[in-house]
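The next part holds the structures, each set out as structure tokens.
Note that chain A is present in both complexes that follow, paired respectively with chain B and with chain C.
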Partner chain A sequence: MDMAIALILSQDGITNGAIYALLALALVLVFAVTRVIFIQQGEFVAYGALTLAMMQSGVLPATVWMLVVMGALVTVLDGGLALKAGQGRRAASVAGWNLGYPLALAAAVGGLAVNELPLAVQVLLTLAIVVPMGPMMYRLMYQPIASAPVLVLLIVSVALHIAMVGLGLLFFGAEGQRTPAFSEFSLELGPLMVSAQTLWVLMVSVLLIVALYQFFERTLYGKALRATAINRVGAQLMGISPTLAGKLTFFLAAFIGALSGVLIAPITTIYYDTGFLIGLKGFVAAIIGGLASYPLAAMGAIAVGLLESFASFWASAYKEVIVFTLIIPVLLWRSLCSHHVEEEE
Partner chain B sequence: MTKQMQGGAAPSNAGAKNPVLEVKDLCVSYGKVEALTDASLTVGEGQIVTVIGPNGAGKTTMLSAIMGVLGSRGQVAFDGSVEGVPEVERMVARGMTLVPEKRELFGEMSVEDNLVLGAFQRYRMGKRDHAQTLEEVYALFPRLKERRDQHAGTMSGGERQMLAVGRALMAKPKLLMLDEPSLGLAPLIVREIFRIIGELRRRGVSILLVEQNARAALQVADYAYVLETGQIAMQGPAHELADDPRVIEAYLGLGGKHQAMLST
Partner chain C sequence: MKLHNTLLAALGLALAATAAHAEIKVGVVLSATGPAASLGIPEKNTIALLPTTIGGEKVSYIVLDDASDTTTAVKNARKLTVEDRVDVIIGSTTSPASLAMVDVAAETKTPMISMAASARIVAPMDDKKRWVFKTPQNDQQMASAIIEHMGANNVRKVSFIGFANAYGEGWYEQFRKLAEAKGIEVAASERFNPTDTSVTGQALKLMSVKPDAVFIAGSGTPSALPQKTLRERGYKGPIYQTHGVANNDFLRICGKDCEGTLLPVGPVQMARSLPDSHPVKASALAYVEKYEAANGAGSVSSFGAYAWDAGVLLQAAVPNALKAAKPGTAEFRSALRDALEGVKEAAGATGIYSMSAEDHLGLDDRSRVMIEIRNGTWSLLK
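Entry: the complex of A and B
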């Protein structure tokens, strides 16, 4: 291996690592606030990428119908409850957001020639379709069992993951998709060709991490999510409902997932089931952070990305094995020194 | 001590004008064990009402049920309208706050963040006056202002209790419920806490106070209930209960002098 190859591998590793970092942050956030292990994070990545790909090939993405169905179910449940309590205005607002919005979106995407729209609009429409599924999923699947043990929540996540992969095959077919790059130019740094997409990934990741940091440090809603993660009972006594916190968290996680998918769609070919492996690598990074520390998870994600890319050079058949084996020493080390964490109160 | 004080016509907190909180026949069970049986109590506007009783009598259970943290049967009327089964966020939104026995602070967040979160429900309802409320709370607890950037988890027991009370006040409550505010605190701090409880009443906050420090509680309160094994065993104006021989024997005792010193 010479310097040039090492640089190329590092570039790949850091690009993928940035995506894993985003996913790991979302996983840590979801677990801290709701105790849900968000296995289906990867499916949001795939849905984001493939919804965009379908729009670009001029087909109405079937995900929009999934959004309509989920919204209808939420409308029936929440609207019904509101009506029973005699809150007509609340019922109307529930129906507007969960039924009116998806239908309007379906009409817009179906009516426009989406493949001729500028890329930025296509990306926005993709996010508009995929992201609301996050909070709806929380409402339908997790809210009724919010206080169940972690293991039960995990099993629900596994079930949702399997369901979403199956639906993905139905929606997008078995063919892999790759979208064109956001922009064509590339940067020459000595022996290294840095593609525009790499810069996009790094730039958006850094921006998103900074924005999330600002959200959690500066806004009251961000602080409320942190408070829920630190002390659920205390947060509830302040009127921060676990439902609100859960929906907000799933919104952020779905946003991060779908945006990651849009970002990597020009770099990798995405199949309906690719998301799982990507999400799992984010999960390895999140575990390195103990499902609690954001900086450690982000650093772990870069390490996972680098390890993956160098492993694919030296032992490409074993690259996944090598990455996932990393979790064993991490878990050993974590379990050996975990009592430090338990001591606090 | 188990004899009921009242005969047929039950005395009630009749001095309470405009009751803020009226609890009727509240029952809570943990599985088959009934922890609270037919408890009724009233808190009037601007009143301090205390519930005293031994460990395990159901005091904390009662507060949790009124707040909606625990499921219950019975009737809770708050601020003029009846709640079937109270629900926490709704009760917070309507102006009830609970300072729980364990404080439940956000340990890894700063003192100021803890306080600001106390106003979350008001903020959500569009009342964004927390900057001003924060100054009022700082005026009441200058110590918290000094430590505004410190993590809540690193503070002493007394400071944490002040923070818990301050955080509850950020919601501008109509009714403040305090669960054992003096528990585990040094004597000087206990005195400070009770001084603040008195000060809050002067500002028109109604208070429901659960205490094991019966002497201090009876001294600051207007009306008192004695809770034993899940039932209201006695009730009456606080100064009368303080002189009742059965209360003196069971809760104030001869060795209670040190409590008296703490509370003045």
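Entry: the complex of A and C
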């Protein structure tokens, strides 16, 4: 172990840690606002990466059809409710967003030669396909049981996770995919070889964290989400719709997930089931933040990334064991030094 | 009236079938669905190409799917031996399922030919395993090909990285033993998970001992990650992989970082490029042509060849067994077992089989060749 190796390991750890940090932030956000443990976070990573990869190989990504189906279900549910209440215009707007948009997107992706488009457009299309699944998923699965105990919400998340992994296998096949790097440029800093992709990951992570901070501090919607996170009933009494808060949260979480997927697809091979492990490490970080503190979760994520990287150098066979065992002392410490508040019942 | 006639004809046929008792029944258990389906499907396709008469007797095949599940494989083996009273079992696709079926084969005294790779299916030889044979090469044969190549190219110090599972551990054991015998030092030994998204730490450790070569023991596309990382980190030396990566998805994922990768494979994969003097060329090519005629060009894989070779063994053994007893009897099964053990120099698609009481695999060095990835495709090393 010399300085050069330590530096390279740190770089690797921080790059991975940045992705874990994004996922940890999303997990904390979703849990704080909706009390849902968002196990499917990782699947959004895989869906984002693999949708992009499918576009690049010139195949119509099957996730488009998933979006159409989910949109159709939402249209039936929400449009039906609106019609019953005699709100024809509302029903039309529901149908427009949930049915018209996915179909238009499917037509666009199917009609264009997507594999010849510039990378930036492909990335935008990927996000346009994967991200709306977040709020739709909230509408279909969580909104009807929004006041259920945390355990029930967790069970629903597990079920959705398994369903999404299964669908992922069906959509993308068992083999892994890699997408080309955003640019071939790389930077040499002494012993370090920093590739452009690493810089992209770090830059986007920092930008996103700053943007989220601004969103929560400055905008009305951000403040509404914060209010819901702090006191759900109080926020509702102040006129903040829990449904809107839930959908917005899931939108952000899906966005973060899909974007992370797009970012790491050129660094590593992504399989239909890769997301789970990445999401789980984000979860370890979120636990370090007590599923409540954003800065602690972000720092925890960097710590997980570094620990993983150094563990793979010193004891590669036990790497996962070391990373996941980290949860035990953290939980011990948290349960010793924080007074327990029983929220349920 | 017409229906009546048809029924009568069908009845007559059924009677005829029961009367012709002398046909040889082969029970096949394979994983046509489930995680091992990519291995089981070519095997299933190959069973359809096996001969329907051997030594003048009709042969019928009963194929059951075990869905890559050990319990189902055993259930199927029981059904085949007890209900269908088969004369021999071929199967199964995976090592765990095959190991579990050994008990059924021994209990019902039915010879069994496995299409799975683990050496433990037929070794160490005991009272149960004397009923069991297998067609795929042992990892040890593949490992020895790598060691020989290393020895010939002055590799004295090698770094090892393998899957953190039974595959990687199995290879490490085989490889370390052979390397030590040859005087090659295994200076670093690392593990990674097929699901890992980064192996930078391991790659640095592998390079820090300044090895003459790196050996990666993984299968499929996950095996590309260490190789890509090593090249990114500036490692220039030779990289060896196992035959577990010999599919086109690996080439697609690994791209230009895999140029020059060295690996051993069964001869069937390279059948067309083998020199005419190679002892397996004719028999391997015969299988390749037959399989591709039925399933399309470029569709052949080494897995189907394991099923084909089970057929080769039967063709060599059945005529001798028929001299001793009639099919459908315990005597025939016992005679068939003895005949399989006596098979000598039977040329299959995987290699040349010469069985003995101790060796129920019977393959030698002719069962693998070293290849290199050159210009994005596989090419035979001279």
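The criterion applied here is as follows: the second predicted complex is superposed on the first by the 339 of 345 C-alpha atoms of A that agree within 3 Å, B and C clash if a C-alpha of one lies under 4 Å from a C-alpha of the other, contacts with A are read in each partner's own complex, and residues count from 1 in each chain.
We adopt the following convention: a contact is a pair of C-beta atoms (placed from the backbone, for glycine too) under 8 Å apart; a residue touches a chain by one contact, two chains touch by 3 or more.
Everything numeric in this text was worked out from a predicted model, so none of it was measured.
In the three-chain model built by superposing on chain A, chain B fits alongside chain C with no clash.
Of the two partner chains placed by superposition, A:V304 touches none, neither chain B nor chain C.
In the superposed pair of complexes, A:L220 makes contact with chain B only, with no contact to chain C.
Put simply, the three-chain overlay gives an angle of 150° at chain A, taking C-alpha centres for chain B and chain C and rounding to the nearest 10.
In the overlay built on the shared chain, the residue A:A317 is in contact with chain C alone; chain B does not reach it. Put chain B and chain C next to each other and count what each touches on chain A; the higher total goes to C.
Residue contacts after overlaying the shared chain place A:V68 against neither chain B nor chain C. Contact with chain B, but none with chain C, is seen for A:Q236 once the two complexes are overlaid on the shared chain. Of the two partner chains placed around the shared chain by superposition, neither chain B nor chain C is touched by A:L202. For the overlaid pair of complexes, the smallest distance between C-alpha atoms of chain B and those of chain C rounds to 38 Å. Interface residues of chain B, counted against chain A in their complex, comprise 67, 69, 88-89, 92-93, 97-98, 100, 103-109, 113, 116-121, 123-124, 153, 167, 171.
Put simply, chain A touches chain B in their complex at residues 220, 223-224, 226-227, 230-231, 233-241, 344-345.
On chain A, the positions that touch chain C within their shared complex are 5, 8-9, 12, 15-16, 174-178, 193, 195, 264, 267-269, 271, 273-274, 277-278, 308-314, 316-317, 319-320.
Remark: chain C residues 38, 161, 164, 190-193, 195-202, 204-205, 208, 220-222, 224-225, 232-234, 249, 253 touch chain A in the complex.
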